[in-house]
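As written, the chains take the letters A, B, C, D and E, and residue 1 is the first residue of each chain.
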Amino acid sequence: MRSLLILLPLAGLILLNLPGGLLAGLALPAVAALAIFEIVLAVYLPTAAFPALEQVQQLLHLSTPLDSLARVLLLSIGIVMLASLLVLHATVKAQRRRFNVANVLLISLMGMNGVVLVHDLFSLYVFLEVTSVASFVLIASSGEDTGLEGAFKYLVLSAVATVLMLSGVAMMFLFAGSTDFSAVAAALQNNSGQLLLKIAIGTFGCGLLIKGGLVPFHGWLPDAYQSAPAAISVLLAGVVTKVSGIYALFRLGISVVGLQTFSPVLLAVGALSMVVGALLALRQNSLKRLLAYSSVSQVGYIVLGLGCAGMGGPAGKLGLAAAIFHLFNHTIFKTLLFVNSAALEQRTGTSDMSVMGGLGSRMPITSTSSAIAALSIAGIPPLSGFWSKLLLIIALWQAGLYAYASLAVFVSVLTLAYMLTVQRRVFFGKCREDLLSAREASGGIVLVEAALALVIIGVGVLMPYVMNSFLLPLKGGF
Amino acid sequence: MNNPNWPIFAIFGLGVVLTLGVGFYCVMVTRNLIRALIGLEVLTKAVTLLLVLCGYVAGRMALAQTLAITLIVVEVAVMVVAVSLFLGIFRRTGSIRSTDIQNLKG
Amino acid sequence: MSAIMMWAPILIPLAGGLLVLPMRGKSGLREIVALLATLANLVVAIANFNSVGTWTGQWVGHGLDIVLLNYQFSAFILAAAASFALLVCLFCFRFMREKTSANQFFAYMLISLAMVDGAVLADHLVTLLFFWEGLLITLMGMIAIGRPGAFKTAVKAFVIVGISDLCLMFGMAMAGLASGTLVMSKMHLPVTDAFNALAFVLMMIGAIAKAGSMPFHSWIPDAAVDAPLPFMAILPASLEKLAGIYLLSRISLDLFQLTPESWLSPLLMIIGAVTILLAVMMALIQKDYKKLLSYHAISQVGYMVLGIGTALPVGIIGGIFHMINHAMYKSCLFLTGGAVEKQAGTTDLAKLGGLARKMPITFACFFVAACSISGVPPFNGFFSKELLYDAALDRHFIFYIAALGGSFLTAASFLKLGHAAYFGKRSSEHDNVREAPITMLLPMLVIAAACIFFGVHNSWPLRNLIQPVLGARLEGHDFAGWPHSMRLVWLTVAVLAGAIMNHIAGATVYGSGINAVDHIHYAPLLKPIYEQAERRAFDPYEIMLDVAAFIARGAWSVDRAIDWVYNRLAVGAAMLGSTFLKLLHTGDYALYVAWALAGAAIVVWYMVS
Amino acid sequence: MNALDVVLVAALVVSATMTVMTARLLRAVIGLAITSAILTMIMFRLAAPIAGVFELSVCAGLIPAIFISAIGLTRRLAAEELPARQQERLRRFWPLPVLLVLAIIVLTQWPLPIGLPDSQGPEPVTDLSTLLWNARPADLLAQVALLLGGAFAVVMLVKNVGREHE
Amino acid sequence: MRSQNLLLLVIVLAPVLGSLLLPLTGAVSARLRNALAILLVLAAVVGSALLVPDAMAGRTQTFRADFGLGINFALKADALAVFMALASSLISAIILIYSTGYIAHYANQNEYYLMVVLFLGAMMGLVYSANLILLYVFWEITAICSWRLIGFFREPMQVLRADKAFLVTVFGALAMLLGFVMLGSQQGSFDMPSAPISVALPAAILILLGILSKSATLPFHTWLPDAGVAPSPVTALLHAAVLVKIGVYVYARLFVVSYIPPEGFATLVMAVAATSALVSAGAALLEHDMKRIIAYSTISQIGFIFLGLAAGNELGLAGALIYILAHGFAKGGLFLCAGIIEHGTHTKDIRQMGGLLKTMPVTAIVFLFCAFSVMGVPPLGGFFGKYMVISAAINSGHLVLGLVFLLGAFLTVLYLLRLFNMVFLGESRGLAGPEGTPVMVGSVVVLAALALASGLAIYWPALLANQAASQMLGIAR
């Protein structure tokens, strides 16, 4: 089943580009169909029961091919891809560009699926590269010079990341004689004191941190997010960096290296990202750039949870659960925020907040959904973001990481501050004269906004059920 | 250091480290976008060498060659994209200087 | 004693008041209702006079119950209050006829009466406080319905009395803690330790502020001008004095055991002496009938406070006797003022004159009351003052001199008032002034008669009403009859004679009664002080407002400083950090690569080490 | 220590250094090709002939060609700017050889506690084509996707941009 | 499951879930929406009232559903909760009725009703909550609602103030959350313990920060006067009836009922409250903005409530509860009066007002009566509350702090009368608005009547308050 996730996009890609352009008109529906297929697969894949987080415990020897972490990611990829497509449909009208972008989206989809599914370090690298290449093209697809600039910076940093990762892969390969996760994991256990392996873990990890855009490896991220076309920034922020950076880091930590070896690094980097990202987001004029820094900050939370997981014990398990949960939540609300930004871009032609104001009355659904996402990202109950942050804080506290827990708590204030700035400058307030003619965004975007907002509220309010089915397996440790 | 391959690993490893240094230095220092891409290429060379070297030392030459070939293909694809971006930038801005692509900042 | 009778003095006026309140317009019904209510109240008060009874009711819990106790002292005060209320009501029958706000006046008056009755009957501190503070609203209301702008004075009165009532509240809470009970008849606290002394002082503030002593007096002269005149007769002149001095006596005698040795006794005496002198000095120079009287209403409180402050039986008896005497002659005086105002249309002394012919009965009443207040034998004021002199001299002659000096000035000011209003040249505007109607005269006459009765036959009130209050503390003394010390009587007479001579001299020099005391008014040292006082520079209210404003400015700066921390400091710090970080992001990818490599170097170094 | 190995490594490093330091971009690209050629030799030395061939054909052939065409498209500019930038580039790049020498000294004089694994026995699969086609099919698929991505990059970024300008 | 337990669920969920229907209803008919909103709030009133007999009998209703990790949906209705719920829902209902008159001419009414009813629902949830995390959830829902409501008029300054209020309260709330996490780690669950257990000082301080920020007590108070830019019913709701009482309620719930604070903690709280009472009273004396003055007054009065709670004896607890009730009525009335005045004169600057007694006599009288209650003048309810808390402070041995509060009470008299003076008395300065609509005036009259009734009929609320106080202290009656 899961090989379909890699094969189908490729097949689609080839079919769409058959000579004569017979099927060219089906580009968008094809991608949409694949995304839906992916969502369905993620939810209903029969190999394991969905609420199977107990498997996290067994992840170190990875008995099942598809754990719930991968499943969460597949689900996120499907959802975000669908959202991105709808935004693409609404924002890009030129048929040719639409077709091209849809093709590259397929490449990206395949790359991400590959990243999630493979169990080989080198294959992981290859698929990361597929995802990245697709991203470069997508970011630059508008042809604007900012897009090219952002893509080029991403490319340079990504190449550096590649070098770092490959160095790590090579050195692990040296010891394991293979690049398979289990073989490398075994080699790492048998050769625990080896300098080269330590360097390898360090460089590979740093490569992933660059891909994930964590401070101080984040330089490319705001530029790329800001400059990407609306639909692409949705995809980038929603899943691409999560999959290529954060998921790979999870995978590395869980399946290969053992989180405990570098959890202090993760904690420090996570905390730094949290604070720096939030501070940077405070003073931005571009909504997308602000959201990009917000991503940096929120990814910091996720990595903090991952670091907490490395502390081991029941608190570590809770931390891992919290990190995965926050990863999912962040995917949803950050996607929603970027869709909001796309809606604004559609109606005002810019993402510069200094020319907006009081659009709440003109774009009620955009405004409401954006408020919901903003509150969720700031960790205000009863929305989804609160619960993941809460679990994270509980985990950090129980792991004895009091300073990190306090920091995580108080960065929420900064988060709320910049999110309120967005609300204030864009939606909440008197409508500007020149924006009185603005309308609600087009149907597809509104649909996405409403759906994602409902997901946020639903996960938040139905947290008991999410907890029962998703987190309770860890209760024994509490 | 008991491994019979140690001298080979040491000398080529030194080569890898130095080449990596050259590449990173180039990427960070140059203001010319093409030269930056050349720097990245140098980096890739170093990594390819490291991969092959590790395969050689580990006695996994077949796999190492496979990986190296894949790596080369990836390298080509990335470079094609990079040069496309470069050309795009050149056409839009008329410049090949990295100082001219600093519009996104702050 | 039945619960109904127990509650009747409270409920009858209250019901009457609530009934009257909606009666707008000019119907005579409200006067009748008010009259009936006060009459019924008097009947009840008399019926209750000799009975003793308690009533206890669950209220808030935690020992905060309603406890009423009717005993000799409270019955006496109730009866007195009821009498004055009835008389003032009668007076108002005509006086308030044309006023549209009369319904409010009667309502407030009746409710005030109910509150005073409740406060006097209360045997539980919280019950007392409930009624005591309840008086605030009616006080405010009664002043507010006066002439336009009176509301400001009402607010002033409210602030002063309200703040002192808060002190009373606090003192009560302290006393309750010290004694373990809030039931007044069970409290017997020594005032030796600081805690109890503070409690006493705070409760005393409440009591003397209600009575109108300095430094809580300054609303009274303002109210005299702004409020309807019967208000002055009923509240500051009688009911509030009754209540205030009643409470002062209770806390000095029952709740706390005030002894002459305690430092609180001189404190009270000093307050009393200062009040006597300063207020009468102010009274002396007033050019308005009502305002002059109002300063006397303050000054006379000084005597009572002084008397009770001596903590000697003779002083306390004198104080309480002076309280009832003062209530009589002062309400009588205010009523004459009311009659003059009603008939002559003004109370400005400069415009009045020669009214003795036109309004002989009013003048007669005025004369009796003025003699009483000046302490002329054999009117009632003379006897109570003699007791007070006795007590003051017993403690320290300085207090005696203050009291005597007060008497001198009192006499002088009433000579001036009488001369200016009832004699001297007659203004042509007042040609058609006629004697007041009978409903107004009757109360005055009754009170004037009572003044004479209480003076000539002082053994009745003293033996039946006042001396029992002291009970065992009286130690068998009997202060009825002619004063013991003839020496003091002669001194008093000499002072009165001096006052008359002073007046004659002044009136001759300045040519009119109203200016008879100008030599004091414009005396070298006093003149600037008087000027300042007229400008309210010494008004404790104004001073308190200044102090409050000072505190407020301090608080305000603290508040703004805290706000600055939020609005400027916190935001500024975040913005500074943000700006700094933004500057680091130059947009140069080489820099970003350098960061990433540096980060990687640190991470690898950490992993290796 | 084999002298040939030292020569090869030295050649590689010197070639790479020359590549990044040379004044003209065209020469830099040629330097890159030479570097690739040296790497090919090293690969032969390390018993990786097939990968070496790929390296030679792709990295010494294809990639320089791409670069040269790109430089050709921007030649006018590169030539104009050359004299002005030369001084600056020298200032930027002179520390590189110094740093390299320093690094060589440090790395050779400071023995790092580097351990190598023991021999891990014979390789399970030695047939390259089996490995490439059967063991790593995902990589192959990814390569296809990557190449398509490159193609789309050219289509979207080079071709279309040109068309918009026309 | 007994019907009372389900009733508990209904009280909480009816307004919370029902509020979400309001925008939909509003799309159909504004009148229907208003009616539904009032109905939902009345459901909470009636439901809470139905719980009174049980509460009086000392029976505690509970509803719980366990969700793991110690985060449970647990509701509990003891006398304290019932008292608080009844007081706040009753006041909210009146304010809501007033709103139908006040808000009728503004945009965003759907949002307004949604937020107000949701707010009340969250308040109910908070009051009945028996789990720390559940409490926190409802706590923050109220913050969200107040954020939207404060910025209701959408002017830049108002939105900024809304953000400020939100940020400050969230800052405190997050500190509190950290405290909760500490407690949770200590006791292994986030359920409030049935028998009080002691709590460490850091956790207590952190939780206190949250409480202070929500209750607008020094040094987190300045958002409250700033929030006076909100529509008057909202300020009434936030400042008077519900929002600021959340803090004191949680103090009572946590530090009196559920946990034993460390030694000296109560004195600290009292000192903070005393400073707060004094500083804000002083500020109120200098302020010129009508609603800011009343807001400062609220801050000051909250100090008195804290005094009663921190005194910790039965008298103080009962007094604080009565204070909460009386202050809710009176301050609600004051804010709504301010709303009528603002509606009529279109200004909040008292220096421009004067002589409004003539044009707004009913408002003036109501204002005065509510002010009397706040000052503590009998026979209004504020009298008993003030006496009881001050007495309790003295009884607990804090005489000096009591004297500070006495000074605060003086200033209360001064600033309220100054306000009355400036607004209603004196010469008119050209601003002479008409009396409000009948609904608005009727609402304030009802509030004033309740303020009066809460004093005259103190016996009945006192019964419940005393029951709550003794239950809080674990004294069997």
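Everything that follows uses one rule, which is that a contact is a pair of C-beta atoms (placed from the backbone, for glycine too) under 8 Å apart; a residue touches a chain by one contact, two chains touch by 3 or more.
Predicted, not measured: the structure shown is a model, and the values here were computed from it.
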| item | value |
| --- | --- |
| Where chain B and chain C overlap in contact partners, by chain label | A |
| Chains touching both chain A and chain E | C |
| Contact pairs, highest-scoring chain pair | B-D |
| Farthest chain (mean CA position) relative to chain A | C |
| Central subunit by CA centre of mass proxy | E |
| Most distant chain from chain E, judged by the mean position of its C-alpha atoms | D |
| Intercentroid distance (Cα basis), chain E paired with chain D, Å | 71 |
| Whole-Å gap between the CA centroids of chain B and chain D | 6 |
| Approximate Å spacing (C-alpha centroids) for the pair chain A, chain C | 77 |
| Chain B and chain E, separation of their C-alpha mean positions in angstrom | 66 |
| Junction residues of chain A, two or more chains touched | 122, 126, 129, 133, 136-137, 140, 143, 148, 152-153, 156, 160, 174-175, 177, 195, 222-223, 417 |
| Where chain C touches two or more other chains, by residue | 582, 585, 587, 589, 593, 597 |
| Where chain B touches two or more other chains at once, by residue number | 23-24, 27, 29-30, 36, 46, 53, 55, 57-60, 63-64, 70, 74, 77-78, 81, 84-86, 88, 92, 101-106 |
| Pairs of chains, among all present, that meet the touch criterion | A-B, A-C, A-D, A-E, B-C, B-D, C-E |
| Chain B residues within the chain A interface of the complex | 20, 23-24, 27, 33, 36, 40, 43-44, 46-47, 50-51, 53-55, 57-60, 63-64, 67, 70-71, 74, 77-78, 81-82, 84-86, 88-89, 92-93, 101-106 |
| Residue ranges of chain E in contact with chain C within the complex | 164, 168, 218-219, 221-223, 278-286, 296, 314-315, 318, 322, 357, 372, 375-379, 383-384, 386-388, 390-391, 394-395, 399, 402-403, 406-407, 409-411, 413-414, 417, 420-421, 424-426, 458-459, 462-463, 466 |
| Of chain E, residues touching chain A in the complex | 65, 67-71, 73, 107-108, 133, 136-137, 140-141, 143-144, 151, 154-156, 159-160, 162-163, 166-167, 170-171, 174-175, 177-178, 181-182, 184-185, 188 |
| Interfacial residue positions of chain C with respect to chain E in the complex | 58-62, 64, 126, 129-131, 133-134, 136-137, 149, 151-152, 155, 158-159, 162-163, 166-167, 169-170, 172-174, 176-177, 195, 545, 548-549, 551-556, 558-559, 562-563, 565-567 |
| Chain B contact footprint on chain C (complex, rising order) | 582-583, 585-590, 593-594, 597 |
